[in-house]
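First the structure, then my questions, so here it is.
Just so it is clear, A, B, C, D and E label the chains in written order, and each chain counts residues from 1 on its own.
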Amino acid sequence: MNKLQLKPVMLGIAAIVIGAVIVLIQNILIPESGGTFLLTLTFWVALIQGAVAVVAAADASAAKWITPLKRELLSFYPLILFIAILFLFLGLQMDVYPWIDKQNKWLNVPFFLVRNFLAMLVLYIVAHFYAKATLANSEGKGRWAIAYLFIYVTVQSLVAFDWVMSLAYPWVSTLFGGIFFMEAFYTGLVIAALIAAYYLRKEVEDPVSMSKVLRDTAVFTFGFALAWAGLFYAQFLVIWYGNIPEETSYLVIRMHHSPYMEIFYVSVFFLFILPFVGLIGRKAKISPNWVTLVAFIVLAGIVLERILFILPDASINPIAAVAEFILMGFLFLLFFASRDQFIKALEMSK
Amino acid sequence: MNEQLLFDDKNKFLQKLEELVKSGVSPRNIAVSTPYPVHEVEHILKTPPSPLRFFTLLGALFGLLFGAWFTSWTSINWPLIGGGKPIISVPAFVIVAFELTVLFGGVISFLGFLFLTRLPSVKSIISPEEYGNRFVIQIHSEEKK
Amino acid sequence: MDRRDFLKFLGISSGTAMISSCGVDKANEKIIPYLIPPEQDVYPGKPVFYNTTCTECPANCGLSARVNEKVYDEVRGLFPTKAEGVKGHPINNGALCPRGQASLFRLYHPKRIQRPMMRDNDGNFRVATWQEAYAYVTTELQAAKEEKKDNLYFSGRTTGTLAGLIGRFCEEMGIERLPEFEIFSHANLRKANEIVFNQPEVPHYHIKDADFLLTIGADILETFVSPVSNAAQYGEAVKNENFTWYHLEPNLSMTGLKATTRLAVNPHSEIYFLAYLLHALSRSDIRKRRPSWAIMNMVPDPSAEEVSQKTGISAENLEHLVSAFFIAKRPLIITGGVSTAQPGGLEAALLTALIQAAMGMNDTVVDFAHSQNYEKVGSMLDVQELLERLRNKAVGVIFISRSNPVDDISANFNFVEELKNARLRVGMSDFMSASMQECDVVLPLSHSLESWGDAAPRKGIRNVIQPAIEPQYDTRTEGDVLLEIMRTASGQKQGPDYNQYLIEQWHSLYGESETVSLIENGYIEEPVSPLSIAVDTRSVESYLKNTDFSREVAAQPVLIITPSIRTYDGRSKVLPLLNEIPDPLTTVTYGEWVSVSAVAAKKMGLKDRDEIQISVENENLNYPVKVQNVLPENVYMVQRGLIYAIKTDIDSRSGEASWYLDNISATKTGAVIPLPILSGSMHEEGRGILSSHESVVEHSEHYNEKLKEEVDVEEERIYPKHPHKNYRWGMTINQDSCINCAACVAACYVENNIPVVGQKEQLQGREMSWIRIEPFVRDDRDIEFTLMLCQQCDNAPCEPVCPVYATYHNPEGLNVQVYNRCVGTRYCSNNCPYKVRRFNWFDHRLPKPWDKMYNPALSVRGRGIMEKCTFCVQRIRAAEDMAKDEDRLVRDGEVVTACQETCPTKAITFGNLMDDSSRVSQIARSDEAYRVLEELGTEPAIHYLRKKERKSEA
Amino acid sequence: MKRRIMPLVLSAYFVLFIIFVVLLAYFWNRDSKTPVQPINFSHQIHVSKVGLQCTFCHDKVDKSTFAGIPPVQKCMSCHKNVKTESPEIQKLTRYWEEKKPVPWKRVYSFKIQNYVYFSHKRHIKAGLDCSKCHGEVKLMPQMKRVRQLEMGWCVSCHKANMAPTDCVTCHK
Amino acid sequence: MRSIDYNEQLEHEVLAALRKPNPWYWVALVICALLFGMGLTLWIYQMLKGMGVAGLNNPVGWGVYITDFVFWVGIAHSGTLISAVLFLFRAKFRNAFNRSAEAMTIFAVMTAGLFPLIHLGRSWFFYWLFPYPNQREIWVNFKSPLIWDVFSLGWVGSLRQWWHYNRLYIFLAAFATPLVISVHSVVSWDFAMSIIPGWHTTIFAPYFVAGAIFSGTAMVLTLVIPMRKIFRLEQYITLNHFEKISQVLLFTSLIVTYSYIVEFALAFYGDHQFEAAHFTYRLLGDYQPFYITMLICNSLIPLTLFFRKLRRSIVYLFILSIFVNIGMWLERFVIIVTSLAKDFDPYSWGLYTPTMVEVGITVGSFAMFFMFFLIFAKVLPVLSITELKEEASE
């Protein structure tokens, strides 16, 4: 892992390179399938912002359990900016959206790009100050945490309503935003669990506190599996019961027609049933390997679900998608590995 | 021969308890009574996780199955179509099933609790203050070979 | 002699049932046998029908009364529970108007006069026996004669045998028979026809044969002469693809809104248009018989510009109209209503007559041979003369029969006072009307459903009037009364009663066998001598000599007093049902109002229910406002019958009472008067309810292609379509032929025991009607109507939410409401997008004896129960029961819902959508078909047929 | 002691409703099974002894929803000279002379008459025997109700015989 | 040594509250009893006369009664949550409120349970709503949200008593949390399952759950603050407790606000004319004052809790809690009435104004609630002694 350590400058360069490559792939190789790009964006935006949100939430509710993982989770916050910038390039592939030829006050290209970019920019700034405050464990960290959560919720709602829901325009579900920021948090937790498990296996940190962290994250993951099921059901039931063609069409295609049908069932299995059953036992919650496995499955579930949201309305190029994920994953690891470099810097700067 | 130790202070009580365990008295022969739950005791005595959870699980499962069966059976018993929904509309019945799961889970855990703690009557649970505000350790020594 | 003997006398023993009630039955504890069984089997579940005549208005449609056996008030007996039209009747062919449907409310009205009454010495009414009444009247008649005063007989329009009898009565008793009294006497029309054709009559218009219809002021679909007949013919006419209909009117009527093109004209300006038309005609080459030059010269010849400037009809519309009129093969022009009841009315009617003659309509569509039997009807001139005689104390005994002059003319004449000058006033009526209050002797008449008789609605048709129930009170038919009086006068004890008199008449007229068919069919068509109609040039010329056409257009604003589709001239106001049902155009139910044009309202800052004061030179009238879109700005409308107290001019030439008040002024008083307006909003706001709405068009097209290509709908559904067994009952409503007359609404009330809740509840917005007519303004130039009732959705949102299965979808596709299971959560109603479910907020049982008319075939709902349209499930079940006896399925057209049955234009079709050959499913597949709020995916069973687009101009 | 009151309040609160229901159920069906008839008419004699068919008197049973009760005229057609000495028959004759129908007491009736539409005709046509619902009338000196006409009973039979169980079959 | 006398003093003082009934207590009790009686009388009157005595009409089939129902259910579960959820998260400040919260739950459930019966057109057939074996062989419709209600409400109360025993607590708490959430989701689905604009929206379930906790917490404050004063429990219910609870209040308020925004914004998102028309009506239509007041009470005023000072000012919290109660009641009223008053078919639009009967019954329900609460205050120790000891000892 330490091999990957880089200086902040290098990190910046790496980010730019990777970003550029992704943009190239999108616009040179597969200009027609903006869905792929959207998939990458929607997944990583959740992962990155969620990770930070987990810490923020803990701080806001003055909970201690996360402290041992603070620095690790915060190490991703610069990527918020990265995603924000990357998002701007979606502007080149706006034709994925059906409303593109009948734009209205809310859904029109310039406003769409501007509002989302700005929101994420602000989120990044707040995240920066928050990271600073919480690492220095200063008075204001609570306030910054709350601020971050606010904007986080806004951004994720925008992601839900603007990026994804408008693919199926004019289909509307008011719960979509809720589902998204909940899922982002879910992913964040899973990352925390992964890191905890990683440490436990590597035994780099004090195992007692780590195992405690592992258990807590596992417990929360378990809880969020339930929460996910709850929200999903809440949305499904209302539409199912109301039986208004405009609304049901969205579900029908995703639940009654192959291949989406299969994707749907698998993602439900990954996001709810498996973590629920898998983490119900007391022992399961403290076994690093098992938790790692579950964590990865949940991540896979999230990806599948994003695919399910996007695929029926916008094409996804599998190879490109895999490529982009690898690149992003690599960048992700880089930031994780070289956290000491800039986190220290952050802690120093007064 | 049964020994009974009374404490006014929780910490003293806990110290003594640890000593006892260290001195090799098997936790099985120690009974404690406290004015309010002291979670440390569980750590010290390494009490195995209470089997109550199995009652809960049992109850929950039963509730779930019963709910599923009951809703479907009553609907089939006199099939009436409403709003074009299938006679057995799973999504709707899930809710009832879920609620019954919680209900039975709760109720049966409680019964299990009564059963496990071998408490004949609810009365004696309601007034646990036999020792007032004291912490009590009872040691039953059945070491008579 | 009761019904049984009567028919024996005729040698009819079977065919129709006998009224015989007997037995005592405390609803459930006891079970009561007949003492003697009725001769023909009548039993629960098998009603009988008697063909008789509707007497709610002079049109005298054929009415077929449904009689059910049931136990009422401890009596097992037979009660009329529903009025239908007589199938195949030449006038109304199975249909009835709302007034006809409601007529049972008159039969069972608690306020009916139940026994003869005479004034005692201190002027109060006291109950009397018929004998003393007769005795008193005869002596008075005698005394009056000695005083050299003339005895008068004043009655409403009378036809058939009774008319003859009255004549004979007057003759024998030396009584002078006054011309018959009708408010809508069509005096100008008849006068004009007299001048032009020597026919002082209202002709019979063959609307169904016309391919071009031009109506001027005549509200043919509402009250004009014989509305149901007109409507039925209209229903036929529109089937013709290139049938066009122009309607000119100064006000706003539903008739006008149905016309292909409605043109608003300035009040009193019709004559300019007609003159123009006549000249254009005589100039054109297509004319049949041009009027003599002499005549043409006397008729002014205005230029097109002048006409359009005077009338307000744009030049191009005028052009369109005239050309359309000329190219038509069988044009028909009708002038009447507001356009004849005006200062220039006589000229208008006269010019119309000339045009008719010129176009040769008299041998085709304008039929004097079958004229409407108005010749004996007088006019206001006769009333004036009567008053004159009263003033000179020249009147002895005056009989006032079947009419209510006091209310009808009090505004113009101080009738009450003058009447006091008569020696004795004898009233004959079923209600204690204002006129009866002025009489000394009041003789209660039996309702037409309690008595034998006949009527001649128009020449060539004779209707029978026969009892469906024996007289409930101590009442007599007018015929019996007259005969009795004659007998008492002549001092003879025994003599033939009216029934025997009738039979003699019929036998002499038609012979035995025909008489039987008259009674069984309810009517008989007799041959009429053809008339050769020619213009009497001389009389026309002599008339035209002393008329000036240069009449100024009315000084605006004007108040127009129109007849009401609900109460005709006000005579039906006493029927609660007709107050409960909203006036289709304004959706106002109880109370009086004045319609103010939206433009004027805006200017005056008026909202619905604001009170305004309308002042003519000497009098002020205060009424709440109903803002009426499309109505011309300077025109205010009130409905006659709701409002009596308005004095209007009388045409000295014809005696026509004007419907206008010119040069009025209206001011807002600031007061607000509670007025039940049922419509929540007159604007459809693009909700996809109106056929014109583009989303409707789009959805209906989508739906139709689905039907045609049999696209598998499963693909698009989240749960599968559920199966139907044998039937999927469905309905189609043709919005092109529907005339919004509200007959269906009334029929539904009576058929389904729907409670009449009264004004207070309606102000709360708690009306109970299962079917309603919804007017919606369409881009402020037109008003479209739609019929709303339970759509019997396949995926009904109301069903799944009911916690106790009180409503569910039955295998035949009905959205069933099980009344006795309902606990009243009202969730279903909340969830119904069409809002057609009705909740019983209280126990609304009809007060005695109205509850006699409850339909025993379905339950009367108590408080706390939700109710709704179930496609007359009781009728469906009856048909299925019958089919089961013969071990077959119900045939197409075997089930007829109440609304469908009474529809004058046959706009409603009902049947089995699963059977592709059934009429309903064929219509449902047509390209015009659409379903309301299709996008909600409720899959309604009711298909509307889009109204054909029409170029509207207002 | 005081700790007991909470549960008491609760249980009292819920028990109230239960009592209400029970009372309702009790007052629901109390009406005599064998009403005393104005004339002590014996089906046993007329059916078993005399051997009349049910339809001889109840002639509407296969035509109408309502079985029909013979008009007094019909009774008199025989009893003008049959058994005129018996006091019961004299009662009948009195009714006949006074032109009063006999106020027979109803034996079978539905709880909510207004809402239930039962058709004798359909059941007879379906080949049901009268005794299925009315019991062995021919053995009854005094008519008595052998069935409580409750929905459940109707339904069970309908289900057993594949008769329609659609609600509108009986409720309109 | 400290803990023991603390415990005895604690017991002494807490139980002291149970002894001397002061005259004002009786006055309050009697007034409540009378109002409660009035409420019952009105209900009977309504049953005898018919539903029409309420102001309901054709488009608006539900009004004050259902509003009250949702309101009380909301309050009911705050208790459950306070004791259960907070237990799960090992939050200590729970204890101080525990008893009153639990009592509140029981009474609120009792009150709430009445309204579904009151609003029935034929209340005397209420038992048809329960799936009991009957001779009719006809069961209830498990597809109807109202039946889900019956299930979720029926037993909430019955489960509550057993909660004093800590060993069981964890399990029951574990069950109670999903239970509460489910119950509120179900209540929200009473509306969301329909297709009426303003009701049929997916966010309702979480939105109502948050709303319930919000209103419930507020009600806890409304009740506990005076109680704390009267029984002189300042020492046990401290400012820190209040600060924590007011944070919960703030948090839930924010969620509710989020729902308001999303609901409103998405109405104008696509070309959904019905939704758009409906929310325009809510904002500008006949019921505008209610809607605005609701927004102020539920979204604006709670924002002040960002200030620590206000979080720690008892008086302010008390006033605030009252506002929130009003606001939440109005929220339900607005949702129910505006949605029904103007739905799809303009012809059938109509307005609803409550009558005195409805007001009377509502007042009666409050009276009932407070009556029971007063009795409770005298009959049981208001604080859970055992739990306080536990807390004190750590």
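FYI, a contact is a pair of C-beta atoms (placed from the backbone, for glycine too) under 8 Å apart; a residue touches a chain by one contact, two chains touch by 3 or more.
From a predicted model like this one, the values you see are computed outputs, not experimental measurements.
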Moving step by step through touching chains, the smallest count that connects subunit A to subunit C is 1
Taking each chain's centre as the mean of its CA atoms, the one lying farthest from the centre of subunit B is chain C
By C-beta contact count, B-C versus A-E, the higher one is A-E
Taking each chain's centre as the mean of its CA atoms, subunit C sits from subunit D at a distance in Å of 46
Separation of the C-alpha centres, subunit D versus subunit E, in whole Å, is 51
Distance between the CA centroids of subunit A and subunit D (whole Å) is 73
So, in whole Å, the Cα centroid of subunit A is separated from that of subunit B by 39
By the touch definition above, subunit A meets two or more other chains at residues 237, 239-244
In subunit B, the residues touching two or more other chains are 78, 80, 82-85, 89, 92, 95, 126
The positions of subunit D in contact with two or more other chains are 3, 167
Subunit E residues touching subunit A in their complex are 178, 181, 185, 189, 192-195, 200-206, 258-259, 262-263, 266, 268-272, 275
Subunit A residues touching subunit C in their complex are 239-246, 248-249, 251-252, 255-256
Subunit B contacts subunit A in the complex at 49, 83-85, 91-92, 94-95
Counting only contacts in the complex, subunit E reaches subunit C at residues 49-52, 55-59, 61-62, 119-122, 125-126, 128-129, 138, 140-141, 143-147, 150, 190, 193-196, 273-274, 277, 340, 342-351
Subunit B partner, complex, touching residues on subunit E are 1, 3-4, 7-8, 131, 137-143, 147-148, 151-152, 155, 159, 162, 164-168, 171-172, 175-176, 178-179, 182, 186, 386-387, 389-390, 393
